[in-house]
Amino acid sequence: MTDLALKRQSAGPQGWRGPLVWGGLALGGAAVYFGSQDSLLPSGALTSVYALFALLGLGLVNARSRVLPGFRLSLAVTILMLFLIILIPLSAVFINTAQLSWAQIWSAVSAPRAVASYKLSFTASLLAAAVNVVFGLILAWAITRYRFPGRKLVDALIDLPFALPTAVAGIALTALYAKNGWFGSFLEGQLGIKVAFSQLGVLVALVFIGLPFVVRTVQPVLEDLDAEFEEAAASLGANRWQTVWRVVLPALYPALLTGFAMAFARALGEYGSVIFIAGNIPLVSEITPLIIITKLEQYDYAGATAIAAVMLIVSFALLLAINALQVWSSRRTERS
Amino acid sequence: MSIRVEHINKRFGDFVALNDVTLDVPDGKLTALLGPSGCGKTTLLRVIAGLEQSDSGRILFNGEDSSNAHVRERNVGFVFQHYALFRHMTVFENVAFGLRVKPRRERLSDSEIRAKVTRLLELVHLDWLGHRYPAQLSGGQRQRIALARALAVEPRVLLLDEPFGALDAKVRKDLRRWLRDLHHQLGLTSIFVTHDQEEALELADQVVLINKGAIEQVGEPAQVYSQPATPFVQSFLGHSNFFEGRVVSGALQVEDGGLALPAGSGDEGARLSAYVRPHEFQVTRETSGPGVEAKVARALELGALARIELVGVRSGRPFEAEIPKRELAKLALVPGETVRLVPDALRVFPAQEVAAE
Amino acid sequence: MAGGTASLYARGRQTGRAATRDPKWAQVLIIGLGLTFFALFLLAPLALVFTEALRKGWSAYFGALVDRDAQSAIRLTLLAAAIAVPVNLVFGIAASWLIAKHRFRGRTLLTTLIDLPFSVSPVIAGLVYVLVFSSQGWFGPWLQDNGMKVIFAVPGIVLATVFVTFPFIARELIPLMESQGTEEEEAAVVLGAGGLTTFLRVTLPNVKWGLLYGVILCNARAMGEFGAVSVVSGHIRGLTNTMPLHVEILYNEYQFSAAFAVASLLALLALLTLLIKTVVEWRVARAQREGA
């Protein structure tokens, strides 16, 4: 009974997302419109404040008679901080971009250096995420399925890229792959493969920072996967390879895809670990975040903002995709 | 304290959990809310406690409208299905919690709290477990601690959600008797939710049968069992053989024969459903007269009784009859043989499809 | 972890069920590939940091750390973390209580919005504050008139740090609180406990380990943030340089040992964070086992 009631209850709010999203979009549109008028600050800020109160109001409407206390207080604190620290500053990127003319925006986002950086950021992030999927799966498999000396250490250190400051990772990777470094002296000296200060270096840095995403999304699924499924497959005559290929891997697809998307999203925005190893050669090894920084250093705020808007749109699209993936995968596991 | 529930409605999205529920819970009695899972009984209990807000309707405690009172102000004792013991506190601190969180001017002194908790632990016969943590207790012990914790704040009513649901059969039986004695000792108005009919019939002074969010029948255990008010209650409580047919010259004409009807059961030609409990059948070898014909499938001896499984000769429906073992020996039934089942009693309702879960 | 090479091949799974055991060569191959990748991409950079830091000996190492600019960078980093972590703690507790213990309209949307800073490039996180607070930004003129400075000053660094670490504590607490349900809190309220009492005496003790890890992780990220802080700092030595920025400057000036010495402090912090994470996970797993 209780289970059913709870399920119904949690299904309830989903229906309310629609109006909220449309309301938010309308307010966002209004913010951009007001922002593009001359008196930027007052009206832009005003609209954001309206949006804030609208959201607060929405929550308070159904705050009546809740059993657990603190709903209003926690809602107010959450929304207020979210708006003041994250949403209003972020909206500045779009409001300021809306103030530029189309020609200004186009010239900034389609400049050859910018376009080269999109290509590099996109390709390297995609490749890095793909490498992470392969080795992330291998590592997750080894950690969950096998017992070997050092397993717990490996498990603990997988999160290193989350915890290690990106600048530290950046200089360490650069020193490793530089011509006189531990790996560089072999790769560049013996094999003639230049890693540091090249596009390959960007890839190496992005593989480093994206690794935990795939491992940590696949690992719990692999742990929860009941051995009975594999035994059932084996009892039906499948050999080990068929069992893994047809029973285990399909169960991991959603997690692999989510991990891939997360690693890709993180790689697109990454800055600290890349800039040391990339060499930052214009048109060759400049990543998009670096273009923004360069423009800022030249006080070209308009150009920086326009490129940032492009990046943000891509990031938000990825965020939505990741959310949809997670909803999809949780539905899939629920059904079984 | 008496409780009155008036026209309570509650929906979760499209799902109607409670549909215009009205109910009186008499002072000092033990009332069972009984029904299949998903019927709304737990929701009703939570609405009474104030843990859930109804969409409309009123809850009256001693005639006083408490619908808008917060759980905290209702002064109810609530025992959760999975006990909800605070896992980081000792048993003693769990029981003392309600006393310790009272406003300072109402709070007992530390030594009084100590004495009271000790008394409560003695009441539930677990005074020797005070220093343990909930994780170190058995299910039955947790249940009793949850009860002691609820009683500590001297609630006006005691509400228990599936109090024995998470326990194994043996412990369940012992605790059931113990709870009944405790209730008599305290005389506290209590409501408990259960899906187990045996539990409800054995324990409660009053049984409330709920199906699909609505009350089907309210009555004493013997009454709801022997005089079910609706087909749902008939088929939910105990086992019943089901017949459906038309009234022809005062008897119910069914596929496998005819059943004598009590006077005034239905007009000539009316479609009726009839229910007969297994022990209400006489098994005979007579070839004519009232009753239904059925083939013996097999006979099982269960203690003093014997259960005979049969199949209707024309309908193919399964039937079940229970007769004393001695009678079975006398009959010496052979599987495959056709016998006649004659009901001593049957209950009739206007025909309708009833799906018991 | 115990046992030599024998256990490397031995058991397919904890259960050792025959049907789920991979062939030995596959096990060796997968473990070998995994460990090689792990060593090349994770262990090697970590080992290199400490090797390079100590290349010129202990005295040079400590010399780099007690350097005046290094000291001021450490102080600024500690200050930024000391402000950012409590701010995010308040947000994390409010947001997780809201999302994990209540059902309301827009809950899913709010959960997504909380994750937003994760998907924003740190460079953009810095940029947005430049747009709002710099001399050409929204509030720039007003700030200038009132003699206040946010960008190229400490407040900007703190703001950028708060932005990038914003979701950390909430993300740690929400799943934990959700998994614990609301029955214990309901029990407390039925027994007459008020809101604060319920939170402090029932909810908090159940999530304390997760909260601790959230705080530690948030702290590590706050101290290590580079991109966002780099945009708003202005790189003024001794004034607006944090430890990661100081590392960058030293590195660009070819003072490799000094750069790695400061970096090694940050790496130690990262290792400490991972250690605490492991301990916390172990304790949470144990608590769940006992609770079951």
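Letters A, B and C name the chains as they come in the text, with residue numbers starting at 1 for each one.
Operating definition for what follows: contacts are C-beta pairs under 8 Å (C-beta built on N, C-alpha and C of every residue); 3 or more make two chains touch, one makes a residue touch a chain.
In this text the structure is predicted, and so the values were computed from the model without any measurement.
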Comparing A-B with A-C, the one with more C-beta contacts is A-C
Which chain has its C-alpha centre farthest away from the C-alpha centre of subunit C?
-> B
Centre-to-centre distance between subunit B and subunit A (centres being mean Cα positions), rounded to whole Å | 52
Measure off the straight-line distance from the CA centroid of subunit A to the CA centroid of subunit C, and report it in whole Å.
-> 15
Residues of subunit B engaged with two or more neighbouring chains = 51, 71
At least two other chains touched by the same residue of subunit C: list those residues.
-> 186, 189, 194
Mark out which residues of subunit A touch at least two other chains, giving numbers and ranges.
-> 9, 12, 67
Provide the residue numbers of subunit A that touch subunit C in the complex, in ascending order.
-> 9-10, 12-14, 16-17, 20-21, 24, 40-41, 44-45, 55, 58-59, 62-63, 66-71, 73-75, 77-79, 81-82, 85-90, 92-93, 96, 135, 138-139, 141-143, 145-173, 175-176, 181-183, 207-208, 211, 227, 230-231, 233-235, 240, 243-244, 265-266, 268-272, 276, 289-290, 292-293, 296, 301, 304-305, 308, 311-312, 315-316, 318-320, 322-323
Within the complex, subunit A is touched by subunit C residues 1-5, 7-8, 10-15, 17, 19-23, 26-27, 30-31, 33-35, 37-38, 40-46, 48-49, 52, 87, 90-91, 93-95, 97-98, 101-110, 112-124, 127-132, 134, 136-139, 159, 162-163, 166, 182, 185-186, 189, 194-195, 198-199, 217, 220-221, 223-227, 230-231, 243-245, 247-248, 251, 256, 259-260, 263, 266-267, 269-271, 273-275, 277-278
Can you list the residues on subunit A that touch subunit B in the complex?
-> 1-2, 4-5, 8-9, 11-12, 15, 64-65, 67
Which of the residues in subunit B come into contact with subunit C in the complex?
-> 49, 51, 71-72, 75-78, 80, 82, 84-89, 97-98, 101-102, 133, 135, 149-150, 152-153
In their shared complex, subunit A is touched by residues of subunit B numbered 12-15, 17, 37-43, 50-53, 68, 70-71, 81, 161
